[in-house]
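Two complexes, one shared chain (chain A), two partners (chain B, chain C).
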Partner chain A sequence: MIYKDKKIVWIFLLPTVVLVSLFLYLPFLASISNSLYNIPNLAGTNKVFIGINNYKEMLTDPVIMTSVKNTFVMMIYTVVFEVGIAIVLALLVDSVGKMQKFYRTVYFFPVVISATAIGLMFILFYDYNIGLFNQVLAKFGAEPKLWLDEKKALGMLSLPVIWQYIGFYFVIVLTGIAAIPEDIYESAYLEGVTGFQKVRYITLPLIKGVIRTCLILVITGTLKVFDLPWTIAPRGMPNQTTYLLGTYQYKTVYEAARVGYGSTIAVFIVVVGVVISVIVNKLIKQEDM
Partner chain B sequence: MDAIVKKYKINGKAARPINTKITPSKVIIHAILGCWSLLTIFPLIWVVNNSFKERTLILQDSFSLVNPTNFTMDNYITAFSRMNIGGAYVNSLIISCSVVIGVMCFGGLGAYVLARYKFPGRNFIYGALISAVLFPAFATIVPVFMALYKLDLVNKHLGVILPQLAGNLPFAIIILVGFMEAIPLELEEAAVVEGCNPLQIFTKIIVPISKPSFATVAIFTFLWSYNDLFMQMTIIRKNEYLPISALLNKISSQYGTDYGLMNASVALVIIPVLIVYLVLQKYIIKGLTAGAVKG
Partner chain C sequence: MKKFSKVLAAGLTGVMVLSSLAGCGAKPSETGTSTPAPAADTKQEAEKPAQPVTLRTVSMFGGTDPMKDVYEATIQEFMKANTNITVEDESATADEQWKSKVLIDFAAGNEPDVIFFFTDVNAQALVEQNKVVSVEEIKAVYPDYAPNITEAAMESAKYAGDGKNYAVPVRGYYEGIFCNKALFDQYGLELPTTWENLEKAVTTFKANNITPFAAALGHVPHYFIEHFILAEGGVADHSNKDVAAVKDSWVKGLELFKKFADMGAFPIDTATSKHELQQEAFNAGKAAMFLDGSWAIGGMTDQENTVIVPIPGTGNGKKDPSEIIAGFSSGYYITRKAWDDPAKRDAAVKFVQALTTTDVIRQFVVAAGGGAPAADVGEITGLSKLAASGSKVAGEATAVDGAIDGWLSKQAWDFLLSKVPVIAVGKEDAAAVVDKVIEMEKNK
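On to the complex of A and B.
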């Protein structure tokens, strides 16, 4: 074998291992430890050990409850609309055959734009005076609306997230469909299976693995959502009703300077993410049986 | 149905007969897909169009197309003079290019070793690197910030570069190892006969062959670093060091009602990305699907 000299292994791996340990693993462990302290400033001085008190506080914090509820509602929106529309678009694009490259290029484009820019763009759309939405209403002679009021705000925060990422899941699903061997379709065609039946009994079952990947990415992605809601509705505007786990964590740490409690929320986000991913994996696997 | 699926899976591939006839159903489908394309593109056109208008004109009618009589560059001039957009571009480029170069060098060397050498602890290290993709920035940011603060790296480019470098390495390793493992060994064996050392094999054989996957890694790392508001906002608070996304966020909170400036700022952030995307989209979509479907 040519790869016998093992000394070089450690030289080549060293930078990666050092960086990932120092900036991902150690900080994560430190966050777990910090969640057991009361830390009143970002310099980390005056730490006081308070055991699981932060976790107890989390159970009674009304804003955490709002954030959890909002995060789960947004998760449902994104699962249904992001993945749903992506699958429909992918099936349609696959069925027409032509112009696939064009649709792929166009649909994927929002994914590469920064969420901050998209957030700003949607602020302009929602604006009461000049907003795209109200001007469309005006064209139809309707009264302008306040788009970011308490009732609609969460939906209006989910809309840009969904709009931006449909293209991402569209491309993944389309690739999954393209990987299905053509002869399966051909034989189905000979058996007289066409149209909707073909989709229901052949295409969808065969891209189950891809759909599972999409679901896990969507769900963990929603847990991490920060840029867009923070740009459009900073500090849970209006009235702390639109906080998500990510934005509330940021506010707790950087604006309220409650570092220990913020770490508790961070640990909670990771735990929820792992638990939901495991559940999704189990659910979809069971159906395969 | 399962029986058919199984039976035909073993057989060789047959080309699907592509129906070139124009049928009514196809027209409808193209119409739906076309509408969605419009929904994707129109908002961007609206923003760019309005960025060339006076504030009052936007208020009157934001749909009218700009024409030579009402065309103005004022919004862009304001953006550059008042908001230091130019400086923010430079900051972003320094940070993102450093991150890309670092990820390519370190990730490339690491992936090469992981793809080619068998050594004790290899699976453990590989597994640990892959699982690091799962850590959200929230879970690591506070201790990272404290450490950077002690090292006096807060409000410095390097303070953003290091954590972004670490955050992008796991993704790079996944993509690069996947690609390098598939390269046949013959070339490297020939190189050894010629007297090449491992570093030479890496630079002369592995890197040139893996170019497409390096391209994917470079593009995604660049985009994520350029677009990453959370890290930029947390580590850099001084105006003169703000990268573009963080500056944009500031503009929206300070000049939220200056609609022309807002439109111009959004356009300024999107345009470089649009150019990168159109030039390199082949690598972007290919690399993404290779990584996503596999992982």
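On to the complex of A and C.
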């Protein structure tokens, strides 16, 4: 401990405590309170206390069930593809001696682009009449496809989300790989370990901690996904089938002006997030990763 | 040294906390509620050099709005004539998200000084929270405020909640079916002036791989909701705010979504496409009809071969063929925040006056493609063929009614919007949706 007098530590922590309390915990407590009211406008006027009626409504709301299901499906997609592809790319780039910086930049680039811009770009990819995908199909003489129909829409919404953040996890994994001491590989080389064996028995076991961090980040991150799906398919397009918890909560508050019910969904999202984080942490620890 | 470290740490912490919260406070001049004297109250004040003032303004004249150019040019001229006033314009395309953003800004105390906004139920929160100033109150201090606006326009732009004028209207709007006349001629079809013509056009275009209606039902089904109910019940039922009393017209009107979808009237991607992309498909000749308001005229590429016709009645005799959706539903508000600010009141009044001169209103009406001007602008010349056809439709209407979202509660309207694509694919029953709307209206 650098400071024997702990008062000074508290003084340094104070700004963060104040800001987090003001902008995170206080609004969360306000959301819990608001979830017990019927609030018919964004100004918060004319609110009526209705107890747990919003929670009762949520239990019978079919769109909530769709949102929960979609959020979990997207979570699986992101875990498998976002982290999976990031690991593969990191392993490949690590084995390339030259141009690592170039690949890092190329793969990381989508992370810094605004989600709205990416969303608009994918709208133009998916559009039935003028979309890039259907133009490519037309070049090969194929019939145009409806890329955002009820069956494909969630997958199509997951695609840009995965594409945007692969680079983020790629950089994390690559940094993890770079931290492995070179002498371990040299010893393995002397033992006659080949390329794939090197990855299977040395690299992957030594970056388990990094992969665990990536998994927790990607799972909790999916619970908050909002911007890209909302830009490409607002209001659960098509036919309310692609709502995620975040997009449904936003729509309920800001478009339907049902602030009380929207707060109920917000509380639900926090509860689901905490429960999932705890479960994921325990599962990963059990496997001794 | 230890003591010095503690003092330094405490000082730095204090600075960080205070600086991070500094933005939360409002300037004294912005929160003052004292009523300032009118600009020319004293000679001494009149002789003072004009203090720099910055006005924040928000309007729906953004994106591809045809009035955007006139609006922006007027602002530039205003700033040239009033060098001490800087106008910061935050205009954007009006959609549900934009409306919500405006209301949130007002609720959070981040409202602009002047805003061009709706005068209907959307303005409820602004009026109820005393966030905007009535025209009556402004005229008490500035008798020359909006003198050129006709009584009829002011009457039409009153806020229904208390019957007072808060906004100064500029021009009225009208809605109708935009038809690609070249395509109608190519297939030997009559314009959809009767229900039979409309259905024949839908089946013929569908059979020839042309989308009958360019429509994004998952994005902007607003105009279809209004027009199908109007086609079924006429202005009499459409204007009846007791939905239960006209339930039959509502149900039959909304059932037309399924009927038309089954006929192939809508594009294959209607549930996921965007309204703007559908307008482009109409412009590209891939669709024969497009339902929208007079504000869409500027975005039409072919001003020669596009015509506007009113939606016909379904044939039950309730709708006169000329009846349309039209009215004054928006205008310029001065916010209470600007009015109570001695530095801004005069500038805000001047700004609204500059935006509502008879000449500017005439320019707005020409850019909007006709519609009723809020002032006596004389004969309007310079309209395109498309705009002239729209203006004719508006002029010949025997009865008009404003849009349904002008009075339906936001909760019920949002529910209705979300159900349209679901009704169209037959997943939900129109009668059940209308029952829920009635229930929501009762509980509002």
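Rule of thumb we're sticking to: the second predicted complex is superposed on the first by the 268 of 289 C-alpha atoms of A that agree within 3 Å, B and C clash if a C-alpha of one lies under 4 Å from a C-alpha of the other, contacts with A are read in each partner's own complex, and residues count from 1 in each chain.
Basically, a contact is a pair of C-beta atoms (placed from the backbone, for glycine too) under 8 Å apart; a residue touches a chain by one contact, two chains touch by 3 or more.
Bear in mind that the values here come from a model prediction, so they are computed numbers and not experimental data.
**Q** Would you check which partner chain A:49 touches, where first means chain B only, second means chain C only, and both and neither mean what they say?
**A** A:49 sits against neither chain B nor chain C.
**Q** Mind working out whether A:263 is in touch with chain B, chain C, both or neither, as first, second, both or neither?
**A** first
**Q** Which of the two partners, first being chain B and second being chain C, lies in contact with A:128: first, second, both, or neither?
**A** second
**Q** Looking only at contacts as defined up top, I'd like to know whether chain B or chain C touches more of chain A.
**A** Greater contact footprint in residues on chain A: B.
**Q** In the superposed arrangement, which partner chain does A:273 touch: chain B (first), chain C (second), both, or neither?
**A** first
**Q** Between chain B (first) and chain C (second), which, if any, makes contact with A:240: first, second, both or neither?
**A** second
**Q** Is A:116 in contact with chain B, with chain C, with both, or with neither (first, second, both, neither)?
**A** A:116 sits against chain B, while chain C stays out of touch.
**Q** Contacts for A:8 in the overlay, against chain B (first) and chain C (second): which applies, first, second, both or neither?
**A** A:8: touches chain B and chain C.
**Q** For A:19 in the superposed arrangement: first (chain B), second (chain C), both or neither?
**A** In the superposition, A:19 contacts both chain B and chain C.
**Q** Considering each complex separately, which residues of chain A are in contact with chain B in the first and with chain C in the second?
**A** 5, 8, 12, 15, 19, 42-44, 123, 127, 129-130, 234, 254
**Q** Please name which positions on chain B make contact with chain A in the complex.
**A** Chain B residues touching chain A: 1, 4-5, 7-9, 11-19, 26, 29-30, 32-33, 36-37, 39-41, 43-44, 46-47, 50, 58-59, 61-63, 105-107, 109-110, 112-114, 116-119, 125, 128-129, 132, 134-147, 149, 162-163, 165-167, 169-170, 173, 185, 188-189, 192, 198-199, 223, 226-227, 229-230, 234, 244-245, 248-249, 251-253, 256, 259, 262-263, 265-266, 269-270, 273-274, 276-277, 281, 284-285, 288-289, 292-293, 295.
**Q** What part of chain A is in contact with chain B in the complex they form?
**A** Residue positions touching the partner: 2-3, 5-6, 8-9, 12-13, 15-17, 19-20, 22-28, 30-31, 34, 42-44, 89, 92-93, 95-97, 99, 102-110, 112-117, 119-121, 123-125, 127, 129-130, 132, 135, 163, 167-168, 171-172, 175-176, 179, 181-188, 191, 193, 201-202, 206, 210, 213, 217, 220, 223-224, 226-227, 230-231, 234, 246, 249-250, 253-254, 259, 262-263, 265-267, 269-270, 273-274.
**Q** Quick check on the complex: what are the chain C residues that touch chain A?
**A** 2, 5-6, 9-10, 13, 16-17, 20, 96-97, 100, 103-104, 106-107, 124-125, 128-129, 218-219, 267-269, 271-274, 277, 280-281, 284, 286, 409-411, 414-415, 417-418, 421-422, 425, 427, 444
**Q** Under the definition above, what is the set of chain A residues touching chain C in their complex?
**A** That would be residues 5, 7-8, 11-12, 14-15, 18-19, 40-45, 123, 126-130, 146, 148-149, 153, 233-240, 251, 254-258 of chain A.
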